[in-house]
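Okay, structure first, notes after.
Order of writing sets the chain letters: A, B, C and D. Residues in each chain are counted from 1.
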C-alpha cells in the first residue's frame, strides 16, 4: 500500500498535504476571501512540489558560473521554469477572483457565497 | 516544408495578436477584426484539412529552433484541423447570432474588451486542439478558463457575477488537479511533450514500474478535466453561467469551452497515456458511471425547470454525460460516438440558445416557459429553429442528435457488461429529453394573440435569421451526411495513435 | 434485385411539392390550390402504381453510420400497403378539396397532406429497419399538423397525447433495434427473419424480451390495448379527410411495422409458441372486444368510428400474432378492406358534418332523407365492416377465423372466433342504428321541413368509389386472395 | 460607672444600634418594563436577517446540513491528502541524480544551453527560448487577466458607456458606482500630505525602480528577469501613488500610458516570437546574433523580450492596484 519513499520525499509529502488543505478550502469554504486564500495555498503547494522535484542533492542553481557546464554541476532547470509560469498564472487568477469578490461585496455587503445566492433568489433577478 | 503546414501556427498566433491589437481599437473596428479573424482562421483550417486529407498523415511543427524533447511543438492531424474548422464555424455563427443582444446588454465602452476575450478564447481553443505539449496545454487551459469567466460576467448583474465566481472556483479546482497531476507525470517520465511521455509511459507499464502513481496521476488528470467540463456532480455552476450570460457567450460556453477541455482529454487518452492503458484502467469505469448519472439527473432537473434558458443549460449537463459515457465504454467506437456527439451537441445547443433568445424577446423578455405561449408565431424563424433543435436533441431522424444516439447505441451494444446499463439509460434519458423539449415546443406553438408583444419578422432581423438558417443547415447536414464525418473521425483517431 | 433510382421519385416528389406549397405564398384563388394538390397526388399515384405493377427494385441512398444504409426496396408486402395508401390518399384528397373550403388555412393542410403521403410511400418501400424507423418517426411528426389543424385547446392536447404515445412506442422499437442489430449484423428485411443462429445461441430469452418491446412499440401506433388511449382522442379532432386517412392508413403504419418485425426480422418460427405470442394474442383480443364495446357506448359519430378502428385494427393484429399463413392472409385482406371501409365511413361522417354540422349520432334522425347517397355509402361500408356476406369484411374475417381454428394455440383456436363474432355483433350494434334511424325516422318526423342536403359531386364520388370497392372486392376477391396468400406463403 | 464610648463599634457591640441599618439604604427595585416597540423592532430585524440568510421553514434541516457539511469537508480533505500521500510514497526518491526527471532534456539545457541561447541563466534561456511558446501564453494570461479586471472594475463616463444611437437601451450594472462617488470614497485613502511617508517614498521609489530595471536587464545573466523586475517596478509605482496621491501620478501614468505600453510591449513580443518560431519551424537561419555570453547585450532576443515582459508586468501590477482602489486611473 504505502510505498518505500514516503519519508525520503518528505518535501513532496508536505506539498501534497498543503495541496489537500488548499483544495478543500477552495472547494468547501463559504467565505470568498478564505476561498481565495485556499487557492493560493494550493498553488504554492504545487510550486513547493515542483521545487522539490527539481532538487538534486549537492548541486547548485542552474546559472553558469565560470564556464562549468557539466550536468553534475547543476540541478534540473525545467521545474524552475514551470514554477515561474505557474506563479504568473496564479497571480492573474487571484486578481480576477479578488475583483469578482469586490463587485459582489459592493452589492451585497457580505462575503458568504450561500448568503449571496439566497439574496439573488430573493431578488428573483 | 510545405507552406500549408504553417497554418496551425498562423491561426494561433494571429488570434492572439488580434486579441492584443483589439485592446487599442474602438469597438466597431474590434468587431470587424474579430469577424475577419474567425473567418480567416476557419478558411486556413479548411485548407489544412483538405491538405491533410490529401497527404493522409499528421505532422509535428517546431515552435522554435529546437527539436522534439527540448522545444515546444504543435501537431496537426485530420481530426485537429476539422475540429478547428468546426469551432470557427460555431463561433462565427454564435457571434453573429447574439450581436444585437450584446449591444443591448453590455455597456458600449467595454465591447472591444469583449472582442479581446473572444479572440483569446479562439486562440486558446486552437492551442488546445493543436498542441503537442502538456504544459502548453495547461497554460492555454488557464487562458480558456479566464476568457470564459470574462464571457460569463461581461453582462454585469448579480447573477452573472455570482455565476462567474462559482465557475472560477470549480475550474480553478480543475486546473489545480490538472497541474499537480501534470507535475507527477513529469516526475515519472521526465518529459512534457505528449509523444515522449507516451513512449516512457509505455516503457514504465511494460516494466510494471510506478504503477500506483501512474494510475492515480491518470485519475487526477481525468478528474481535473471532468470538473472543468462540468461532468455531473460538478455542474452546480453551469445553469447560472449559461442561463444568465449574454446569449453569444452562452452559446460559445456551452458549445466550445467545455468541448475544448473534452478534446484535450481525448488527446491525453490517445497521445499521452495510450488508449490501451486507459481502456484497461479503472478510471474509465468511473467516468462511465458519472456519465450515466449525468444523463439521468441533468434531464430530470431540466424537466423541473421553468426558465427556458436554464432548461437548455441543464440539458447540456445531460449531453456532457453522454460524451463521458462514450469515453467510459473504452472502445474505439465509443470514442467515435463521443466525438460525433461533441459536434452535434455543439451545433444543436448553440442553435437552441440563440433561438430561445429570439423567443423570449417577443415575449416581453420573460424567460418563463409559460409566458412563451405562442411565441412561435410572433417570431417564426426562431420558433422553427427551436423546433429543429429540440427534435435533434430528442433524437428524431434526419437531425444530428439521432445519428449520435445511434452511434452510442452501436458502440455500447458491442460491449459485454456495459451494454445493458448504457442502452437502458440512453432510452430513459431520450424519453426525458422528449418530455421537456416537446413540452416547450408545443407551448411555443399554442396559439395566443398577445397584443402587447412586438412581432419579429425575418425582414427586420436579417443577421439573426441568416444565423439560424445556417445552424439549421448545419444540423441537418450532420444528420444526413453523417457517414463521411464518421469516416473522418476514424481516420483522425488512427492518426492519433 | 436491380438498383433503380426511380423508387425515390414517388417518395420525394410529393414531399418536395408539399414543402414548396408551405414555403410559397398564398395563391390568389382557392381553386389553384386544389388543382395543384390534385395534380401532385395523381402524378405520385401514377408513379406508385408503376412501381407496384413493376418488378422488385431496390436503391441504397446513403449510409447513416459506417454500416447502416438508408435503403429502399419495393417488395411484395410493401406493394400491397403502397397500393392501399395510394387509393385512400387520392380519394380522401379529392374529398378534402371541397371539405377544406370550410376550414381555415387550407394551404397548410394540403402541404402537410402531400408531405405525409410521400413519407408513407417511403415507409412502405423502406428496405431496412433503420430506414423504416426514420420514416416512421417522420410520419408521427408530420401528421401532427393534420391532427392539431384546428389549433383549439382540445386539438393541441390531442396532438400532445398523440406525440407522446408515438414517441414512447418509437423508442421502444429503436432500442429493440440495436439488440437485433447486434444479434443479426444486418437490419435489411428478409423473409423468415435475419437472426444469426450462432450469435443468438443462449440469448433467446433476452431476444424474446426485445421482440416483445418492439411489438409493443409498434402496437402503440396500431392503437392496441393498453396503448389505445391516444387514438379516440386524436382522430376525431382532425378534420374529416385527415381523420379518414389517419384511421384508414396511418394506423396501418404500425401494422406494417409489426409485420416487418415478426416476419422480416425475427421470423415466425422464433416467436411461435412463446409467451410473447400468448401475451400479444390476449392483448389483441381484449382490444377487439373492448374497442367495439366502447364504440357501442360512444355517442359522438367520429369518436365512435375511431373506437371501431381500435377494434378492427386489432382483428388484423390478432391474425398476425396467430403466426399462421391462413390468418395472415386474412389480416392482409383486412388491412386492405378496413382501409377502404373506414376511410369511406369517415368521409361520410365528414360529409354529414360538412353539410349539417351534426356530430352526434342521436342527431342523425332522418338524415337518410336529407342526403340519401351519403347514407347509402355509409350503409354499404357498415355492412362490409360488420362482415355480412357478400360484403368484403366477411371474407377477411372468415380467413381470420379459419386460421384461428386450425392453429395449435390451445385456447385461442376457439376463443378467437367467439370474440370476433361478438365484436361483429357489437359492430352491427353501433353502425346500423345510423342507417335505420336515418332512413326510418319514425312518425314524428315532419317531411315538410325536408331539404335535400346532398353534397357536391367532388365529395360524393370518393365516397361512392370507396363503398363500391368495399363491396365489389367482397364479390370478386379471388385475384386479391391469390396475391396475398402467395405473400403469406413466402413469409411462413 | 464609666460612661460608654460612643463609637460605632461599642454601640454595635452593646446592641444599641446596628450601624449598617441606617447606612445601607435599600431602594425598592424598579421593576423592569420594556417598551413594546423596541422589542418588536428587534424581533423584526432578527427575523429579516434569518429570513435573508436561511429559509426559515427548514432551518433546522439547514443547520444539520451545515454540520454534515463540515464533517464531510474534513473527511474529503483527509481522503484527498491520503491518496496523494500514497502516490507520493511511490514517486522516485527526492534528490536522486538518476531519477527519470534528470534525462537528456535537462542535460542538453545545461550543457549546450549557453551556446544555443547565449543566456548564462539557464532557466531564463529555457523559458524564453527553448519553451518560449509557454511563456508567451503566460504573458497572455496576464494580459487577459487585466482585461477581465478592467471589465469588472473600470467605471466609464456615462457618455462613453451609453451606446450610440440605433442601439437598444443598455442595462446598467445594478451596483452602479459613479466616478464621482468613487473619488469621494477614494478621499479616505488619499494621503494627508504625510511628510514622513513622502520623504521616505521620495528616497525609496527611485532606488526601487532602478533596482527593478537592473533585475530586468540582468535577467539572462543572474536570477530574475522580466516578471520579477516588473513586479518590483510596479511596487515602486504603487508606493509612489500611496505617498503622493493621484494627481501627481496622473502626470506621467494614465490609462492611455498603460494601454499603449502594454500594446507595444506585447506586440513586439508577439512579432519577435513569431519570427523566431517561423524561422525555426521552417529550418531557416534567424539572423539574430547571440553576442558574447555574460555581456549585457547578449543572448539574442532574450533581453528585449525581458524588457517587454517587465513593462507589461509593471503596468499590470499598477493597474490592478488602481482598479481595485477606485475603478479607473
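The rule is short, and it goes like this: contacts are C-beta pairs under 8 Å (C-beta built on N, C-alpha and C of every residue); 3 or more make two chains touch, one makes a residue touch a chain.
Since the structure is predicted, the reported quantities are computational estimates derived from the model, not experimental observations.
Within the contact network of the assembly, the step distance from chain A to chain D comes to 1. More inter-chain C-beta contacts link the pair B-D than the other of B-D and B-C.
Separation between the centroids of chain B and chain D, computed from CA atoms only, is 32 Å. Averaging Cα coordinates per chain places chain A and chain C 69 Å apart. Rounded to a whole number, the gap between the C-alpha centres of chain B and chain C is 44 angstrom.
Computed centre separation for the pair chain A/chain B is 28 angstrom, with centres defined by C-alpha atoms. Those residues of chain D in touch with two or more other chains are numbered 84, 86-88, 90-92, 101-102, 105, 109, 131, 134, 138, 141, 144-145, 148, 152, 174-175.
Residues of chain B in contact with at least two other chains: 135, 139, 142, 146, 149, 153, 156-158, 161, 180, 186-187, 212. Chain C has no residue in contact with two or more other chains. Interchain contacts give a graph that is no line, ring or star and is not complete, per the touch definition above. Interface note: chains touch in the pairs A-B, A-D, B-C, B-D.
The residues of chain A lying in touch with chain D in their complex are 1-6, 8-13, 16-17, 19-21, 23-24, 27-28, 52-57, 61-64, 69-74, 76-81, 84-85, 87-89, 91-93, 95-96, 98-100, 102-103, 106-107, 112, 114-115, 118-119, 122. Looking at the complex, you find that chain B touches chain A at residues 135, 139, 142, 146, 149, 153, 156-159, 161-162, 164-166, 168-169, 172-173, 176-177, 179-180, 183, 186-187, 192, 212. For chain D in complex with chain B, the residues that touch the partner chain are 83-84, 86-88, 90-92, 99-105, 108-109, 116, 129-134, 136-138, 140-141, 143-145, 147-148, 150-152, 154, 156, 160-164, 167-175, 259-260, 262-263, 266-267, 270-271, 273-274, 276-283, 286.
On the chain A side of its complex with chain B, the touching residues are 3, 16, 19, 22-23, 26-27, 32, 35, 39, 42-43, 45-46, 49-50, 53, 78-79, 82, 85-86, 89, 92-93, 96-97, 100-101, 103-104, 107-108, 113, 116-117, 119-120, 123, 125.
Interface residues of chain B, counted against chain C in their complex, comprise 391, 394, 396-398, 402-403, 406-407, 409-410, 413-414, 423, 426-427, 430-431, 434-435, 438, 442, 445-447, 480-483, 486-487.
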